[in-house]
Amino acid sequence: MSAVELAPHGADTTKPKARRGDIAWRWWLVMPALIVLLLAASGPLLIVLVYSFLEPGNFGGVVWNFSTDGWFQVFFTRDIFDETLVTPATAHLDIFWRSIKLALYTTLITAILGFPTAWFIATRAPDVRPIWLFLVTIPFWTNLVIRTFAIMEVIRNEGLVNNVLRGVGIVSAPIQMLFTDFAILLGMAYVFLPLMVLPLYASMEKLDFKLLEAGYDLYASRLRVLWHIVLPLVKPGFIAGSILVFIPAIGAYVTPRILGGGRNLMLGNLIELQFGQGRNWPLGSALALTLLVIVVIALLFYIRSTSQPEGQRHG
Amino acid sequence: MPSSATRSDIEVEKLSKVFGSGEDAVRALDDVSLTIPENEFFTLLGPSGCGKTTLLRMIAGFEQPTSGRIKLGGSDIDDLPPNKRPVNTVFQSYALFPHMTVAQNIGFALKMLGKPKAEIDETVSRMLKLVKMEPMANRKPAQISGGQQQRVALARALAPRPRVLLLDEPLSALDLKLRKEMQVELKRLQAETGITFIFVTHDQEEALTMSDRIAVMSAGKVLQVGPPREIYNHPAERFVADFIGDTNFIAAKIERANGRSATVRLPSGTALDAGLPEGLSPGEGESVTLVVRPEHAKLAAEGPLRGTVENAVYFGTDTHFHIRLDTGDLFILRSQNAAMANGLPETGDAVSIAIPEGAVQVVRG
Amino acid sequence: MGKRNFSIAALPGFATIAMITFVFLYLPIVTLVVYSFNEAASMARWEGFSLRWYEAALNNRQVQDVSIRSLVIAAWAASLATILATMAALATTRNERRFPGQTMVYALINQPLMVPEIVTGVALLIFFAMIKVSTGYQGLAYLVAAHTAFCIPFAYLPIRARLETMDLTLERAAADLYATPWQAFRHVTLPLLVPGVIAGFMLAFVTSLDTVVITEFIKSAGQDTLPTYMLGQMRRVITPEMNAISTLFLLLSLIAVTVFFLLSRKKA
């Protein structure tokens, strides 16, 4: 990028020649980032698509023969002895269902905790708000493995909760919490909570509190003000937060691996299995793409709900 | 009187600017021509959206004209980028660099021009003195007041000794008292430096007090150019008369027109002498609009206009009489207050209005 | 007297839930930190304050290796991502209308935020496996490249935010005062952009340190980073040494995030 090409910074370039020059230097500037992203993020997704239509190799990898088995196995199982006997792949479908269920529950829990928290922060004095917000973000920027480990420390059999319960004498034997769906749910709610609070806060911060006064002035109760005034106005934040929580939750790998203890698999773990012990890369690729499709559907839902004319845009 | 130009500094020839295209196209400037001589305090006056800022930005080089030319000291500057034009701007928001000190801001242009450090230092201290900001030299813009920022912005733009200084509503962010001070200050600086100032404002009072000449603009066109006194006393257009000061408009018919003066007949039958704008030569019997300033008219026993007082509003220095004329029009008359308020008319009184010679002007539109 | 002030913003129970949230957020971390100082090998007993697990962690050769590897990768990835993101942010801000393709550029830059890490991990596993086979190169560059791409959106966001709040007239003023476009960039835009760039770097650095899944999928043998090492250790019997490592790591992230916080509070 030569210095001269920086020329039309912000200048109103109504001359077509100047505008073309402006566009050219912008493309040159953005190109290196795009190349890295295409090579190490977006581009390889296409290779996954190709792999999902190949035959698995004996020791991982693929054999370059076209096959739809990978996709077939996502949903169906062939009998080992009689190839014509086809049954739904219940093990896979169970995991799909569990993943979606856990991701939705996680979204719900983070919303229930996140909404009052964001509200609490948004109603503090302007100069202390960033500090509360900072407190929410610190755990978010802490390593995922560490945060999951921290949850494990709390719910282990010899962890904090069981220690306290036994110390007080409520229980004699530790309650098994680790390696259950509850543990996964708790862990995911814990690690993804900031992703719900931040966009909710962003939309609440912009809220005009005069509107609430108007609501009370017109005889609305607190609940009705909340329901008829606050909720519709912070809806964009709600939707953004939900999508930010749902996407990583549905694709979670680390949290179910540590807290689910290898028995309670989620989609992420199932995918990993195919590239590890399973040695079925085409199936793994097909599963990964299925996950991607779920995410895209969620994103499309998000785009549709934010582009509705009556919904105030977020940001 | 139009000042007899010595040497022209800025020449604007048939300049037009269109934003957007097709049906959304907005003509921000429409065939504007102006000549601004050296060492003049020239003001572009008009309501927001009239094109005055667009014109200023084109002289600075931030916008390219759609058609027409701008000449500086006789040579074309259309193809020069802003950083090659010997023209500096005082921005409305001041645009002081927040990460530099006052002194660094003032020295910025000279540094960019590659001047030696000694010369930069010398100019900076001279400029600091000029705008009375020496004690603030090492402060950052955020650490000084709005009025002080204004001075720094001025000093920064003056430091490289531009041929022309452009000022884009530079006083609009200041409170009234500071604004008055800076008006005087700007006049002083212009006189001391001898640089041509082109000043953009929507404040007619500011324009009248400071300018050598004023160009009144509306909807992308220059309506009238002239010294403040001429613009105020002899507005050529209805818009100009209306925009600058308070005005009474009266309908009349031309009796006789001769060059820059005419005789008009009011509906009451009285004949009056009136000024005619340049280039306007109405025929006999043609309907025209007259302008009479409220403070030029007088209450009198006998006069060409008669009516009834509807309202008298006391203003301290003067009183405004709202008089319903017999023709049905409303006429506002401003009368200076004396210590004794004897014999002043009250609501409901019938009055006559006298109009002294030279106080009547025919306007276009 | 006796009449309570009617608070517009107060909603019943909200403050309580907010407090529960903060306890929920910090209790596990505090527990983790506290037990890193426990003399005993198990959480079941508190046997007194001790630094023995820190000593063990710091003397653990493997921990040293993976920590250094993590930091090296994060330094490279964050630097590269910050440079690329700064350029991209300059290209995608401060124009009155978007250039053709700008929406697609946004989508590409933000793509790592949208696609689940596990999918990116799988894709890179396959892609890099192909390159590894054909070139024979097994080094750290794969991890650096993957982390760089993943960090770009995190570096991009604060830099772009900074540019968007920057007063455009400052650059115009520089041009008016005879600065060439390069001088205007060098003396005005860049100095004002610095806090955004540092903030972007900090976020990218922390993001790289935090990246587990992608690293887990594409690392070659002996290329464990601190998070993947810890993930592996989770399958074994866990001693407070893990708490000590976590606490040190936590401290590092905390410093980086605090720097980011302080910088992003400074107004443009």
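Note that the chains are named A, B and C in the order they appear, and that numbering of residues resets to 1 at the start of each chain.
Everything that follows uses one rule, which is that a contact is a pair of C-beta atoms (placed from the backbone, for glycine too) under 8 Å apart; a residue touches a chain by one contact, two chains touch by 3 or more.
Note that the coordinates shown come from a computational prediction; the quantities given were computed from them, not determined experimentally.
Trainee: Counting C-beta pairs in contact, pick out the pair of chains that comes out on top.
Mentor: A-C
Trainee: I'd like the most central chain, judged by C-alpha centroids against the all-protein C-alpha centroid.
Mentor: That would be chain C.
Trainee: If you average the CA atoms of subunit A and of subunit B, how many Å lie between those two points?
Mentor: Spacing between the chain centres: roughly 60 Å.
Trainee: Averaging only over C-alpha atoms, locate the centres of subunit A and subunit C and give their separation in whole Å.
Mentor: Taking the mean C-alpha position of each chain, the two centres sit 16 Å apart.
Trainee: Calculate how many whole Å lie between the centre of subunit B and the centre of subunit C, each centre taken as the average of the chain's C-alpha atoms.
Mentor: The answer is 56 Å.
Trainee: Tell me, which residues of subunit B touch at least two other chains?
Mentor: Those would be 62, 81.
Trainee: Multi-chain contacts only, two chains or more: what residues does subunit A have there?
Mentor: 7, 11-12
Trainee: Of all residues in subunit C, which are in touch with two or more distinct other chains?
Mentor: Residues 172, 180-181, 184 of subunit C each touch two or more of the other chains.
Trainee: Report the residues of subunit B in contact with subunit C in the complex, numbered from low to high.
Mentor: 60-62, 81-84, 87-89, 91, 93, 95-99, 108-109, 112-113, 156-157, 160
Trainee: Where on subunit A is subunit C touching in the complex?
Mentor: Residues in contact with subunit C: 1, 3-4, 6-7, 9-12, 22-23, 25-30, 32-34, 36-45, 47-48, 51, 61, 112-114, 116-117, 119-121, 123, 130, 134-139, 141-147, 149-154, 156, 158-160, 163, 190, 193-194, 197, 209, 212-213, 216, 222, 226, 247-248, 250-251, 253-254, 257-258, 267-268, 271-272, 275, 281, 284-285, 288-289, 291-292, 295, 299.
Trainee: Can you list the residues on subunit C that touch subunit B in the complex?
Mentor: Listed in rising order, the residues are 167, 169-170, 172-181, 183-184, 187-188, 191-192.
Trainee: In the complex formed with subunit A, which residues of subunit C make contact?
Mentor: 6, 8-18, 20-22, 24-29, 31-32, 35, 42-44, 80, 84-85, 87-88, 90-92, 94-96, 99-101, 105, 108-109, 111-112, 114-120, 122-127, 129-130, 145-146, 148-150, 152, 156, 168, 171-172, 180-182, 184-185, 189, 203, 206, 209-210, 212-213, 217, 226-227, 230-231, 234, 238, 242-243, 246, 249-250, 253-254, 256-257, 261, 265
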